[in-house]
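Chain lettering (A, B, C, D, E and F) follows the sequence in which the chains are written, and residue indices restart at 1 in each chain.
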Amino acid sequence: MSSRLVIPELTKRRIRELASQRRRIDKRGLAEFRTVFIERGIIPQADGSALVHIGNTKAIAGIKIDLGQPYPDMPNAGVLAVNVELMPLASPTFEPGPPDERAVEVARIVDRAIREGRMIDLEELVITPGREVYVIFVDTYLVDHDGNMIDACVLASVAALLDATMRKAIVSEGRARLIDERSPLPIRHYPLTATICRIGETLIVDPILEEEETAEARITIGFDEEDRICMIQHSIGMLRYSELYQAINISREAVSRLRKELCKVFPNAG
Amino acid sequence: MSSRLVIPELTKRRIRELASQRRRIDKRGLAEFRTVFIERGIIPQADGSALVHIGNTKAIAGIKIDLGQPYPDMPNAGVLAVNVELMPLASPTFEPGPPDERAVEVARIVDRAIREGRMIDLEELVITPGREVYVIFVDTYLVDHDGNMIDACVLASVAALLDATMRKAIVSEGRARLIDERSPLPIRHYPLTATICRIGETLIVDPILEEEETAEARITIGFDEEDRICMIQHSIGMLRYSELYQAINISREAVSRLRKELCKVFPNAG
Amino acid sequence: MSSRLVIPELTKRRIRELASQRRRIDKRGLAEFRTVFIERGIIPQADGSALVHIGNTKAIAGIKIDLGQPYPDMPNAGVLAVNVELMPLASPTFEPGPPDERAVEVARIVDRAIREGRMIDLEELVITPGREVYVIFVDTYLVDHDGNMIDACVLASVAALLDATMRKAIVSEGRARLIDERSPLPIRHYPLTATICRIGETLIVDPILEEEETAEARITIGFDEEDRICMIQHSIGMLRYSELYQAINISREAVSRLRKELCKVFPNAG
Amino acid sequence: MSEFTRRDGRKPDELRPIKMKVGVLDKADGSAYVEQGGTKVLVAVYGPREVHPRHLGLPESAIVRCRYHMAPFSTKERKSPTPTRREIELSKVIKEALASTIMLDLYPRTTIDIFVEVLQADGGTRCAGITAASLALAHAGIPMIDLVSACAVGKWNGRIIVDLTGEEDEECEADMPVALMPSLERVTLIQLNGRLTPDEFLEAFNLAVKACKYIGELQKATLRSYYEKIKEEVLYEQ
Amino acid sequence: MSEFTRRDGRKPDELRPIKMKVGVLDKADGSAYVEQGGTKVLVAVYGPREVHPRHLGLPESAIVRCRYHMAPFSTKERKSPTPTRREIELSKVIKEALASTIMLDLYPRTTIDIFVEVLQADGGTRCAGITAASLALAHAGIPMIDLVSACAVGKWNGRIIVDLTGEEDEECEADMPVALMPSLERVTLIQLNGRLTPDEFLEAFNLAVKACKYIGELQKATLRSYYEKIKEEVLYEQ
Amino acid sequence: MSEFTRRDGRKPDELRPIKMKVGVLDKADGSAYVEQGGTKVLVAVYGPREVHPRHLGLPESAIVRCRYHMAPFSTKERKSPTPTRREIELSKVIKEALASTIMLDLYPRTTIDIFVEVLQADGGTRCAGITAASLALAHAGIPMIDLVSACAVGKWNGRIIVDLTGEEDEECEADMPVALMPSLERVTLIQLNGRLTPDEFLEAFNLAVKACKYIGELQKATLRSYYEKIKEEVLYEQ
């Protein structure tokens, strides 16, 4: 297991005091994301890619699309495979090796946001039912970790999928092969998430690393472009019922502001 | 590797003294099993299952039967796959992770008792020779470890196989599928084992944890219902030739008493 | 990771002093290999095998040849799979477990010497293009480690391949099977390597363990029988440009002397 | 709600039969067994005990570790015993759902290990696991601020329902496991797979609160009768 | 016994040719090589030496670790170098068969590591491994109460036979590896795969005792001539 | 050399366009990004910092660890994230190529960790990785005797060429990555895959020296402008 980061007790106390006054150490509003930067197509050799910054937190996602077999229990659906790695580049607390429980949790959240948020119409990705389908690999790398890795990884993954194109498949003699003609993915929805921390009795959006380590509770809530909740992950700590309701409302607004940033790069995403 | 349990030296000394007087710390006879409890069918969703207690030692076995390919060198035999896990639930000395050498040893003993004891007629499990056969998965879990895990795991595995039914296979267009009609497995023999420890010059059957840790030698001997020896595993320590002969005789009697318990639940097993 | 061997500082100093006088601790010439011993066919059950000693360093290589599928991107070539293990038998610093970075490096060097040195005509190993080819497994075991494991492993692997024969393949109904008629492998070239260490400003060939641990730089250079360079691996430390040129010349001569030893057992190898 | 029926005939807000037991294992410091319909879960707790390797210990509090694991025979198709990503994630969320309720600062430099073994899976295994683990922690005598009770809710065929079976879980539009401390009115776990409007979310959450309250009463009754039985045994022995 | 012949023409109680050598490796503390028919085994012993990680060490005795491993080229079909369950089990039983003969309390907090490498497998590899390992331990100068000698017996075509080849092992009704200290009359390993009546068991065991006695004599002769050769070399150098 | 053209129109001794940046990551102690044609490499350096587990530390010097890793999306076919043998080997040779240039005895018992992540692979990834890693080490303020500059040379279609693309790498007769300290005239890495006559080797090596000199100038310019920008920012803030 990776070691934990040690945040000075002084910083934590300062963050707690500020939170009790509904203020933040970096002067942001409670429901405000840090500066968001999105660049598409940074890996031309991939089928889709994006680099995103949320403040100093940076993630890169790359999409590879291949032919493959469907899952036996889902013969009429393409395959979506999401992999998240917390690169040792990103933090002194990350170590090389197979994904640890934090990386697995983020991968499962990204997967659920995309899958349960119905981002991609997987049924459109079938070539020969039960035999051959498109397989979409989403590989998302956290490369610089300054808090809120979940929203950064979801945003990078979603942006890379929006950037992606797939090659046309030609079936001959019962076997498909991919040709150079390309089309975008069958995108149906645009899920995004906002992560909220509770510090004392105050809820804040998009925590930086120091806030995350100070927080008593953390919850991530995803919405699609029609404001339906499409993912919840309560990662740490406990919440009053009223705080949960409040978190739903705050995250909805935060996501709709984040969506505006996404729309600057992908105008359809809202 | 898991850590070892520390038994107080005082307890060990007491056990050794008693053994020299041919007595045991829990007042049992030298060749006596603890109270045996067998419950079949505890996992209705499995194809067969059993929970057994030998004193406080508890094991659960579940059987899953699927279609699969035979081993290339045995085209005319079904496949038997035995897996034993020493659950971290069962003892402070067991740790999560892949089976350690103790678990592997027990799995190999269970496998040999069933396979070499000819419990199941594997040739009856062939659907299309060399192509499709039944695969029997025996998954046996030690859930509470108070000594003598081998006999408990063998007993649970045998009971679960006796409890099991397999679905009928219908072959059409060269491929088999399983339908809901069920029949028992082709059981031919009923192997059971008794484990013996040597403490000083005394041999005892079915050691509890404290006796196991005190013992200088341990051997497990299996018999089928016709009193043929069908498995020997000398696990620890050394034995005089005469002690080995004696162990064979003691274990035969102990197994035949254990068999009576099994017959209460499965009347054919003797 | 395995622990490192500790060579007494005194020995290292002695080796350095001698090197500055262009002498060695075991009185060899700077460009001289230790006594080389090669025995072929030591594992009759394998398709080819050899035991080699370079001084006290010993390696065993065994060849197994099977049928298999070609790599998808090389449908017209047989498969060569090289595996090197630094056996825990060979040194107090080697530990059981999957190959560590040293073993992987040696395996990659052996692989490249054979593959890039064009030792085997892999295209001759195709039975049905894209479908069935010969797969050559080279398993090389370092069993006694007294320095210069690379040259020992290359030599053992090359000798075992020269010793090897493959069974003839008969294709019927589109599938091949192997019959008992045997022929040698399609050998085209005879790569060998010499490893050079720099101690101070002196270059030495075939370092013993103590020299290796004292050396500031190490480089291995491979040549085929026509004196073409077919492999370079600079493993440790830095070299002046002039030292690199010198190393090329020294290793060429050392390899040609090593080749004479190989030719005593395999007369064609030079 | 009267017309709507579920595959097993239950009403939308009806739980499956629940069975709870504590003290089912001899060697563990605490243990519990919970059956909820076809779902069967066995939990053992070890600790507070020394941490290995030591550097994992914290100077001012205990750590909590959790392994959620499904037996190979627990599922319809045999499950490989190697942990899946789902099992790794659930181990983490169950750990977090329980950790915040334990008074960890009482036991610095120790670990509390929770082993959740799913013997048969028919929906709601993580919730039954949390319910059982909270009982096992109580049985181990580990001080907690309250018991945690858990139950899944979801949306199936357009309706909000409670305590989904495995089959309902596969067919549903949304599945939302919830863990609460009912009397303290604190959520310790909430996850959503699928889509809900904010109104549906509220309806579902309220249903979960109701279910967890009921489960919390069962947990208390289970512990009460366990300790009464022990008291009787002690008195009897005297 | 006269009419019955085995595939390789041996009599039921006839061993294959055996070759033994000690001191075959330079770096190991002790080493031995044993050939028994087509079976070839190389063993190295390291220790007593420091244990890593340290907490595995025992305060009042040495520990013994053993790895039994088959080279990929040792078997008919290439064997993957990853340890199989069979290799893990045999590592354990070989370790136990030898550990009880070593005076472990002389070397507290240390480990004695035994590496058994099967170079060619043609039946009886674990027995040849034990025979070789006992030689290697002696060569390493590790105090033992006696040498261990091992040989398999079995039932093939209805007859009790000794020292099964790989082919006989595959065809046999029962295979029983046995390791003994012949002069002390102690069994340190016995395993049975297959079925034997109690009478057949006795016959087989007695055959194993006879074979192990013979192997024990070879072991002693091997060590004797090794040390005589060394003595000569020392005298020669003087 | 004038008639000969390469697939991308370059002359044999012509490098692809190179982009270098340092200080691209916030949390790492040092970082750099290098693009050489289609090859894109991101490097982070952490350290000197404490070693875990501690027994890996050396009493009189720092250790260097390196992970060279290719992102799954960096290659034509998706690459599994599990390290291949090639990645393990390259991690080792990159580590060695850099370790001998760092003043390790200044930081006993510590580790310097270098993470080389290939974001897009189009030939020469290990060389771009070394070039970037040397920049990142400088950015981390770790004392080195000189910067290391690396570039591959090779033989393609009978000609010695520099800075092979991925396509050229696949088709070439020989590929030879070289890392140098150009001003000190020291080789810190040289590997050869393929066959070269001694004369071709010399020609190739000289071409590599020329290329590395050029790359070394770029590295210095990159660091210079980075520190000037920082100086400006500091002055501006004052």
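By our rule, a residue touches a chain if its C-beta (ideal position, glycine included) is under 8 Å from a C-beta of that chain, and two chains touch if they have at least 3 such contacts.
Remember, it's a predicted structure, so these values are computed and weren't measured experimentally.
Colleague: Quickly list, by label, the chains bordering both subunit C and subunit D.
Modeller: Chains that touch both subunit C and subunit D, as defined above, do not exist here.
Colleague: State, to the nearest whole Å, the distance from the C-alpha centre of subunit B to the C-alpha centre of subunit C.
Modeller: Here the centre of subunit C sits 48 Å away from the centre of subunit B.
Colleague: For subunit D and subunit F, what's the span in angstrom between their mean Cα positions?
Modeller: Going by mean C-alpha positions, subunit D sits 51 Å from subunit F.
Colleague: Using Cα averages as centroids, what's the distance between subunit A and subunit E in whole Å?
Modeller: Once rounded, the distance between the two centres reads 58 Å.
Colleague: Going through subunit D residue by residue, note those that touch at least 2 other chains and give them in order.
Modeller: 52
Colleague: Mind pulling the residue numbers of subunit B that touch at least two other chains?
Modeller: none
Colleague: Work through the pairs of chains, note which ones touch, and then classify the graph as line, ring, star, complete or other.
Modeller: ring
Colleague: Under the touch definition up top, go round the ring from subunit A by way of subunit D and list the chains.
Modeller: A, D, B, E, C, F
Colleague: Under the stated contact criterion, what part of subunit A meets subunit D in this complex?
Modeller: 1, 101-102, 104-105, 107-108, 112, 116-118, 216-217, 219, 224, 227-241, 244-245, 248, 252
Colleague: Please name which positions on subunit B make contact with subunit D in the complex.
Modeller: Residue positions touching the partner: 3, 42-46, 49, 56, 58, 60, 62-64, 66, 83, 85, 87-92, 96, 98, 137, 139, 141, 143-146.
Colleague: Could you pull out which subunit E residues touch subunit C in their complex?
Modeller: Touching subunit C: residues 25-28, 31, 38, 40, 42-44, 46, 49, 52, 67, 69, 71-78, 81-82, 113, 115, 117, 119-122 of subunit E.
Colleague: In the complex, go through subunit F and note every residue touching subunit C.
Modeller: Against subunit C, subunit F makes touches at 56, 85-86, 88-89, 91-93, 96-97, 100-101, 174, 176, 181, 185-198, 201-202, 205, 209.
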